[in-house]
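The structure is given below, and queries will be raised subsequently.
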Amino acid sequence: MNAPTLKERDEKETARLEAFSDGVFAIAVTLLVLELKLPEGTGGLGRRLLEQWPSYAAYVTSFATIGIMWLNHHRLFTLVRRVDHWLPVLNGMLLLGVSVVPFPTNLVAAYLGHPGERVAVSVYGGTFVYIAIAFNALWRYASSRHRHPPLLRLPHDAPEVIAVHQQYLFGPTIYLAATLLTFWHARIALAVMMGLAVFFLFPPRRKKAEG
Amino acid sequence: MNAPTLKERDEKETARLEAFSDGVFAIAVTLLVLELKLPEGTGGLGRRLLEQWPSYAAYVTSFATIGIMWLNHHRLFTLVRRVDHWLPVLNGMLLLGVSVVPFPTNLVAAYLGHPGERVAVSVYGGTFVYIAIAFNALWRYASSRHRHPPLLRLPHDAPEVIAVHQQYLFGPTIYLAATLLTFWHARIALAVMMGLAVFFLFPPRRKKAEG
Amino acid sequence: MNAPTLKERDEKETARLEAFSDGVFAIAVTLLVLELKLPEGTGGLGRRLLEQWPSYAAYVTSFATIGIMWLNHHRLFTLVRRVDHWLPVLNGMLLLGVSVVPFPTNLVAAYLGHPGERVAVSVYGGTFVYIAIAFNALWRYASSRHRHPPLLRLPHDAPEVIAVHQQYLFGPTIYLAATLLTFWHARIALAVMMGLAVFFLFPPRRKKAEG
Amino acid sequence: MNAPTLKERDEKETARLEAFSDGVFAIAVTLLVLELKLPEGTGGLGRRLLEQWPSYAAYVTSFATIGIMWLNHHRLFTLVRRVDHWLPVLNGMLLLGVSVVPFPTNLVAAYLGHPGERVAVSVYGGTFVYIAIAFNALWRYASSRHRHPPLLRLPHDAPEVIAVHQQYLFGPTIYLAATLLTFWHARIALAVMMGLAVFFLFPPRRKKAEG
C-alpha cells in the first residue's frame, strides 16, 4: 500500500542518479574558478592580469566543455527509463572524468607558454578523450539490445538511438585528433579544443528531422 | 505508455535547468568564503582582522549580488514554460559570469588600498556588467516573439513581460556607470556597487500593480 | 491552462528556496574539510597530526553546528506554505552567516593555543550569535500576524508556533553567553560551544506533547 | 486543506534528507580534485607528473569509495519510508565521515613513499572503518524492531533486511583488516583498499534471489 509502484520507483531512481550527476557537473564547473590565481610578479596589475591569458583561455574552454557535457548527459538521461546495477557504475566512471577537469585545466594555465606546454595540453586533451569514451560506454550499455527490460524509453534500433550512436562515436575520435595535434603545436591544439566546445554548442542535424 | 506527456517533459527539462543553475549559484556564493584568508603580519589578531576590511566588504557585496542574481534568475524561470536548444546555452553564458565572481572578489580584497585598486574594482564591476548583459540576452531570447511555440508562459507583449524588459535594461547601464566611476575613485565605485546590491533587494514597482 | 495553480506555484517557490538553502548548507559543511591542512614541522607524522587537535575540534564543532542549523532550517520550512518578497532576503542573510562559518573555523584551528585565541574563539562564537539572530528574524517575519495571506501553514498563535518562538529566543542568548565566556577562558568557551551542538541534537520537549 | 497528508510529509522529509546527503556526497567527491597539485621540482613535466602517482592512486580510490558509499546510501534510503528525530543525526555522523575523506586522501598523496606513510595509510583506512561503522549504526537504527511506526518500508525481519544486516557487518571488519595490514606493508594495504572499492562495485548475491 505504501510501496511505490515499479514505474514510480524507476523514475525516482533515475531522477536521483540525474540529480547526483548534476551536482557533480555543477561543482566541477564552479570549482574551475579556484584555478584563477591572483597575479604574481611586479608591474601594473592590468598588465599582469593580461599576461595570465592562458588561465582565462583554459577556464573558458573547460567551462564550455563541461557545460556541453552536462547538456549531453541531460539529453542522454531523457531517454533513460530505468537504472540497473551497472548504469550508476558507468555513470560514475564518466563523473570521475568530469570532476578531474579542474586539474588539467590548472596544468594548462600554469604551463602554456612555458616548457612542458605540450605535456600539459596533451593531458588536458587526454582527459576529454577519456570522458568521450566514458560517454560511449554509458550510452552503449544503456542502449544495448541485451538489457531486459530495456533501460531506454526507445527501442535499441530506433532512428533517434542510432543517431546518438553516430554522434557519440565522433567524440573520442575528434578529441584524440586534437590531442595528437599537441605534438605538432600545443597552442593550435588548444585552440582546436576551444573550437570544439563552440562547435558542439550547435544542435545535431537530427534535430531537424524531429521538428 | 511509459513516455511522459509533452507538458511533463517540458516541465522536467525546465526544472532540471533550474536545478543545475541553482547548484552553480549556491556553489559560487559559498566558495566566496575561500577568499577570506587568515591574516598575515604581526600585531594583535583583532587589529589584523580589522585591517582585512576590504575582504569583508568584497565578500558581502559579492554574496548579496549573487543572491540577488539568483532571485532574479528564479523569477525569470517562473515565467519560462519550456526550454529549447539555445536557452541552456544562453543560461550557461550567464552562469559563466556568476561562477567567476569569486576571482574578481579576490582581486578587490587583495588590492583595495594598494596600487592597482582601480584595475581591481573595474574588473569587479566589469564582471557585473557582463552578467547583466547575459541576463538581458537570456531574457530577450526567451521572450522573443519569434519563438514558436513560445518559451514563456505569457505572451511576448504582456505588461509583466514588458516590465521585465525595462527593469533588465537598467542593469547593464547602472553597472557600467559604477564601473566607470572607478576611474574617478575606486572606493566610492565599490560603495556604489554595494549600494546597488541593497537597492536591488527592494521589489520592483510593478509588484504593486500585481497585488 | 498551462499556468500552474496558485497553490502549485507557492509550493514550487518554497521548494526551490529550500533546495537552494540546502545546497548552501551542504557546500558550507563540506568545504570545512579544506581547513584541515597537512601538518607542517618535523617529527613523526602521528605526533604532528595529534598536535593539530584544535583543527579537529573546530571541524567537528562546525560540522555539528551547521548540521543542526540545517535541521532547524528544515523544520522551520516544513511550516512555511508560501514565500513572499522578503522571506528569501531574510533567508539570504541567514545563509550569509552559514556560508561564512569555514572562515572562523579556520581562525580557531590556527590560533587555539597561540596568542590571539581569545579573539579567534570570540569571532567564532560571534558568527553563531549572528546566525541565531538571523534565524529569529526569519522566523519572526514568517510567523508575523501581519502577513496577508499568512506565510505559515499554522496560525500565528498556534501552540506549535509559540513553542518555536521560545526555543529560538534561547539561541542568541546562549551563544552570546558562550562568546562572552571567551574573555574568561577561550578553551572552556569552545568546549561550551561544542556542548551546545550536542545539546541541540536532542529534540525539544514540545515534541512529547505532539506525539 | 492546505496541509499535506502524513504520507506526503513523510515522503518529503525523506526526500529532503536524501537530497541533502546527495549534495554532501557530490561535493566531497568533487573536492577531491583540489588534492591534485601542480608538480613541483625540476625536470620534464611528464616525468614529474608520473612521480605523483600516489596522488592519482589515492584520488581514484577515494572517488570510487565515496561513489560506492553513495550507491549504498541510496539503496538504504529506497527502503526508508519515514524519518524520525534521530535518523538525520545518525545520517549526519555518516556524512561527517564522508566529507572528511579529502583530508586523509591528501595525507596519503603527500606521504606515500615517504616517512610517515604507515600513519597516513592507517588514518585513511581508519576513516573508512568509521564510515562503515556509521553505516551500520544508521541501518541498525532504521531497521530496529523498536521503532513505532517503523522507519522502513519492510518489516524488520524481512529477508531483504536480514541480507543487508549481514552485508553491512562485513564492512567494518574488512576495512579494519585492511587498516591493520598497514602496519605490515602500507602500499599493499592501500592496494587492498583499492581492491575493495572495485569489489564492492559488484552487486551482492541477494540480487539474484530478487530477480
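Note that the chains take the letters A, B, C and D in the order they are written out, and that residue 1 is the start of every chain.
Going forward, a contact is a pair of C-beta atoms (placed from the backbone, for glycine too) under 8 Å apart; a residue touches a chain by one contact, two chains touch by 3 or more.
Only a predicted model underlies this, so the values are computations on that prediction, with no experimental measurement involved.
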Rotation in the CA alignment of chain C with chain D, degrees, nearest 5: 90
Proportion of interface numbers common to chain A and chain D (over half same, under half different): different
Rounded Å distance between chain A and chain D, as computed from the means of their C-alpha atoms: 25
Distance between the centres, which are taken as Cα means, of chain C and chain A, whole angstrom: 36
Shared-contact residues (touching 2 or more other chains) in chain B: 19, 23, 27, 31, 34
Chain-chain contacts as defined at top: A-B, A-D, B-C, C-D
In the complex, chain C residues that touch chain D: 7, 18-19, 22-23, 25-27, 29-34, 36, 38, 44-46, 49, 59-60, 63-64, 67, 70-71, 74, 78, 81, 153, 201, 203, 207
Chain B residues touching chain A - in the complex, by the definition given at the top: 2-3, 9, 12-13, 16, 19-20, 23-24, 27-28, 31, 34, 85, 88-89, 92, 95-96, 99-103, 106-107, 110-111, 115-116, 119-120, 123
